[in-house]
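Below, subunit A partners subunit B and then partners subunit C, in two separate complexes.
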Partner chain A sequence: MHAAQILVNAVVLGCLYACIAIGFSLVWGVLNVINLIHGSFIVLGAYLAFGLYNSLHISPWYSVAVAAPLFFLLGYLLQRLLINRVITAPALVTLTLTFGLDLILNNAMIYFFKADYRKLTLTPSLGSVSIFDVVVPVDRLIATVSALVLTGLLYLLLRHSRVGRAIVAVRLDRDAAVLMGVNVKSIYAIAFGLGAALAGCAGVLMALIFPISPLTSSGYLGKAFVVCVLGGLGSVSGALAGGLLLALVEGIGSTFFGPAHATTLSFILLIIFLILRPQGLLGRKGFE
Partner chain B sequence: MTKSNIALLVLLAIVASLPLFGGAYTLRLGTIACMYAILALSWNVVGGFAGYPSFATAAFFGFGAYTTGVLLNKGLPLWLCVVISAVAALLITAALGAALLRLRGHYFAIASLSLVEVLRELVNNATDLTGGGMGLNIPLVSGSGVLAEAMSFFYAMWILLLLTALMVMAVAGSKLGFGLACIRQNETASSMVGLNTTLYKSIAFGLSACFVSAAGGIYAAWVHYIDPSDVFDILYSVKPIVMALMGGLGSPLGVACGAFLYLALEEVVWRNYIQIHTGVLGLIIVLLLLFLPHGLISLRPANLWRRVKHV
Partner chain C sequence: MSKSWVARYVRLAVPLWAAVVAGGGLVSHASAEDVIRFGAPLPITGPLAPEAIKQQQGYDLWAEEANRSGGISVGGKKYKVEIVYVDYQSNTPRAVQATEQMITQGNVNFMFGAFGSGAAKAASTVSEKYKVPTLAATASSVQVYDQGYKYLFGTFTPNDTLTTPLTQIIKAKVPEVKKVAILARNDLFPLAIAQEMEKSAKANGFDLVYFEKYAIGTLDHSAALSQIKSLAPQWIFVTGYINDLLLVRKQMIDQEMKAPVVTMIAGPAYQEFIESGGPTAENITSASWWHPAARYEGKDIFGSTENFVKLFKAKYKSEPDYGQASAALCGALFQMAIEKAGSLDRDKVRDELAKLDVVTFFGPVRFGPNGQINSLDPPVFQIQGAKPVVLFPDAIKQGELKVGVN
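This part shows the complex of A and B:
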């Protein structure tokens, strides 16, 4: 039963990891930009959920609907106004630029919200369900299902909408997409906006489970790195596979070596994957 | 000996005369200036010459700080600890580089970033050896006065900076530097014409690590207390890049000037706006990248003149 509990925990956590990473993966895959603000977007989303719940008593699963358009707009404008100027520059420049933006956003959050750890506590606690000996808290379950729904929505969007097909086309072959009449500039901005919206929604879901503080942003970013590299860049299924693998490795690792070594283990795994299988588990060209 | 190399040596000589002009504060600032210049010049070897976006500087720095700290606690003399840190970093990094430098672009950047995370977590968890999250106290090296100690650490850091500068100049003028420039421009082509790219990149990576590690060692002995979140701070990886971008990528003189200028900016911001200093740093980075991507060296009077004529 112990093993079953580890497995269930890993699945629950893995879906959340996938949700954290999927926006990051989209931006990296389509724009070829490593978006270091991603972690701070997630934290900002968590603060949004916290604020809405404590002031207006709006439950986090409704806050997702508020967060998505807000963050989309934020990401869209950020890409259009700033990142688009250096989009063709080498990795170093885009990486350093987003790092600078991250410093600004993170410092602003520390300034306005303080660095204290906060927790969104639902006043009638939702309790937990248990099947045999496997226990899962209900808030965690809701977050997981919401994460899966978001992931599925992105998949449908990319698969069946005009914009989605254009995003995939730009990712596959930028020049050919231009020749087919795709407005690459606007697609870049939309993809970045989608990435930001997913980060914001992931943040709202994280607020249900984890403590909120600007200091946690680098942790989320690190998870996004590892999931992207493990699962392979640029596909929804890759992010899911990466998230599940990471959660499984962390779960098993902390059972055998102690929780302190979980992060070390995941980053060592990252480096091994980068060296031996840089395309990841399910990596291929093209964003499905 | 090119003109810009001579200018760099003159600049270093001016820095060396700093203690003549001020007290403890100047010495502290001077020591940090030398440290930043070491980090930036070292990063320039792999980031500027070879064009690999390395974010591993903090890993080397922390590695050196902890190696020296642990060895000092075992009773070894400081100079020996620093030399051991430098040599160990050179060997380990060159070996690691052979594997990591097969990655390019974003993948290399992420791998080098995770190197910092891995080392930090390892140090965090090896409580018996390093004290873990409690940090490591480092014994006082000499019983002399505060000012004399500050002076000796300043000159230790300065000598290391001089060595770093000489190394960078030697690399820039040698076959190695030429090979790295080839790798930066077109790695596949340079490998096709018979350049051993793996060897060259590994040497560059090792050289970029060894002086940073030594600087970390001197830093540890200087501040007497280190903890993982301090010496493995990811900002130690990013600051050298900002300095190099500020001064002008690839040019040793530009990079050293960038380091000094960056420190001046940082000090002013830190003193006046302590609560928002990282935000201001971020703003500087953003403005720099958007409006001055080739660094201050592109603002040479000759260039300005040319631009005016062109208009």
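This part shows the complex of A and C:
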């Protein structure tokens, strides 16, 4: 039963990791931008949920609907006004730009919200469900389902909508997409906006699970990075696969070698993937 | 082309030069006044920023109080207090550099230690070299004080003074507790506390069924907690900082873990833990070096614990915790030592610090031969009715231990 509990914990955690990473993967895959502001977007989303719940008693489930358009707009404008100006420059330039933007946003959050840790506690609490002695907390279960829904929606958007197909086209071959009449700058901004919206929604869901502070943003960013390398860049299902793999390694490693070694194991796995399968579990060669 | 570069250079250089000259003028003007400068290297940015803010609040409150009463009296003359802060960005080597810079270039008279045991130890090497008396507000590990240094003093008692009384209380009041599980953050202070707890538990005949460390920045504790749950310990002891402990507590609830006794160090000493934890914080036991519920009548500038708490609340609109109180105490102790020495001579002030034997708002203060305080009984407390209730020492006891954390 203990083994079943560890497995269930890992699957749920894997979906949370996927939720954290999916927007990051989209931006990296489509724009070839390592978006270092992603972790701070997640934290900002968590503060939004915290603020709406504590001041207006708006449940986090409704906050997702507020966060998605708000963060899309923020991401869209950021890309349109700033990142698009350096998008064709070497990767280091965009990396430095998003690093700088992250410093600004993170320090602004410390200034306005303070560095104190806060917690969104629902009253009454959602509790847990137990099946054959295997306990699953309801908030994590909801976040898991939401992660799957978001992943599914993004997949449908990319496959079956005009904008989605344009995003995929830009990702596959930027120059050919331009020749086909795709407005690449606009597509970049939409993709970045989608990435930001996904980060904001992830933040709202994470507010229910993790303590909230601007200092946690690097933790989210680190996980998103590892999940993307493991799962494959720009691949929607890759983020899910990478998240599950990472959580399984951490969960099983923690049980057998102690929790202190869980992070070390995940980074060993990352190095192995970088050497043997740089395109990740579900990524395609050429997009690593 | 070259002309435009020259023009740009002039446009930039002239205001910069003017700013430097104006700034220099200000500095020389300030140093001309009768001021005692205290250096405070703090991790104002980076992961330790919340702790630095707390320490800064303590120093600032003392400086404000000291200046409000006219300043520090040195041989009949009053000197204003000025605290010079340098941000070492949560990076210990930078704390060492900052300390050296403040002593050699910043003209500070005395130093406050860097945050925590690790950085305070590293930076103390520099202040010892220059023979600058240093008061460390947040260094508890004995290893900081066993270097044979003469100019370093600290206001936190050794780590075992937190765990030993707690173990004895649990042994006496809840005899059915036999099995103990310890989960520790793999970091200097939290791990040292966990190791002291391990010693203390074994010495008192408890059965230690689990002792594991978790990495700094761990986002999920479910695997470790599932393992602890399967071992059914009656006492779960977790160390870490507020974010770790809030997360562990949340995940304990998620996994429906219950135990007669749950102890967490060092989060519950902070008001944010009680506010953020809500009902889940109930009956959690903890220990810290000071508590606002203490009632000491002191001879320091704050006069009494009650008065210190009142002043702190008025300035910051929140309850002080042990970090803020210890920082304010360090300032108050310097003030007493300087006034007794009647001089700003570093050696004379150092000797007065070593001789101190005084009751303060923080409790009785006396330093051992190694410079670490040895006169305090750190309080053990439990969250009851969303408030911390002191269980030990008897002199400030407010209630009895409640068993059962659900």
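Going forward, the second predicted complex is superposed on the first by the 284 of 288 C-alpha atoms of A that agree within 3 Å, B and C clash if a C-alpha of one lies under 4 Å from a C-alpha of the other, contacts with A are read in each partner's own complex, and residues count from 1 in each chain.
As a working rule, contacts are C-beta pairs under 8 Å (C-beta built on N, C-alpha and C of every residue); 3 or more make two chains touch, one makes a residue touch a chain.
Because the structure is a prediction, the values reported are computed rather than measured.
**Student:** Using the superposition on subunit A, decide if subunit B and subunit C clash or fit.
**Tutor:** Clash: subunit B and subunit C overlap once superposed on subunit A.
**Student:** Tell me the contact category for A:108 with respect to subunit B and subunit C: first, second, both or neither.
**Tutor:** first
**Student:** Contact-wise, after the overlay, does A:274 reach subunit B, subunit C, both or neither (first, second, both, neither)?
**Tutor:** Only subunit B is touched by A:274; subunit C is not.
**Student:** Scan A:85 for contacts with subunit B and subunit C and give back first, second, both or neither.
**Tutor:** Once the two structures are laid over each other on A, A:85 reaches subunit B alone.
**Student:** If both complexes are laid over each other on chain A, which piece of subunit B (59-67, 221-229 or 257-265) hits subunit C?
**Tutor:** Clashes with subunit C appear only in stretch 221-229.
**Student:** Using the superposition on A, tell me which residues of subunit A are in contact with subunit B and, in the other complex, with subunit C.
**Tutor:** Overlap of subunit B and subunit C footprints on subunit A: residues 107, 218, 222, 260-261, 263-264.
**Student:** Which bits of subunit C are touching subunit A when the two form their complex?
**Tutor:** Checking each residue of subunit C against subunit A gives 45, 47, 49-50, 53, 183, 186, 212-215, 217-224, 226-227, 230, 242-243, 246-247, 250-251, 253-256, 272, 276-278, 280.
**Student:** Quick one: in the complex, what on subunit A touches subunit B?
**Tutor:** Touch residues, subunit A against subunit B: 28, 32, 34, 82, 85-86, 89-93, 95-97, 99-104, 106-108, 111, 218, 222, 225-226, 229, 260-261, 263-264, 267-268, 270-271, 274-275, 278.
**Student:** Considering only the defined contacts, which subunit A positions touch subunit C in the complex?
**Tutor:** By the definition above, subunit A touches subunit C via 2, 5-6, 9-10, 13, 107, 110, 114-119, 121, 123, 125, 128, 130, 135, 137, 139-140, 209-211, 213, 215-216, 218-219, 222-223, 247, 250-252, 254-255, 258-264.
**Student:** Please give the residue numbers of subunit B that touch subunit A in the complex, ascending.
**Tutor:** Residues 47, 51, 53, 55, 99-100, 102-103, 105-107, 109-111, 113-115, 117-118, 121-122, 124-125, 234, 238, 241-242, 245, 275-279, 281-286, 289-290, 293 of subunit B touch subunit A in their complex.
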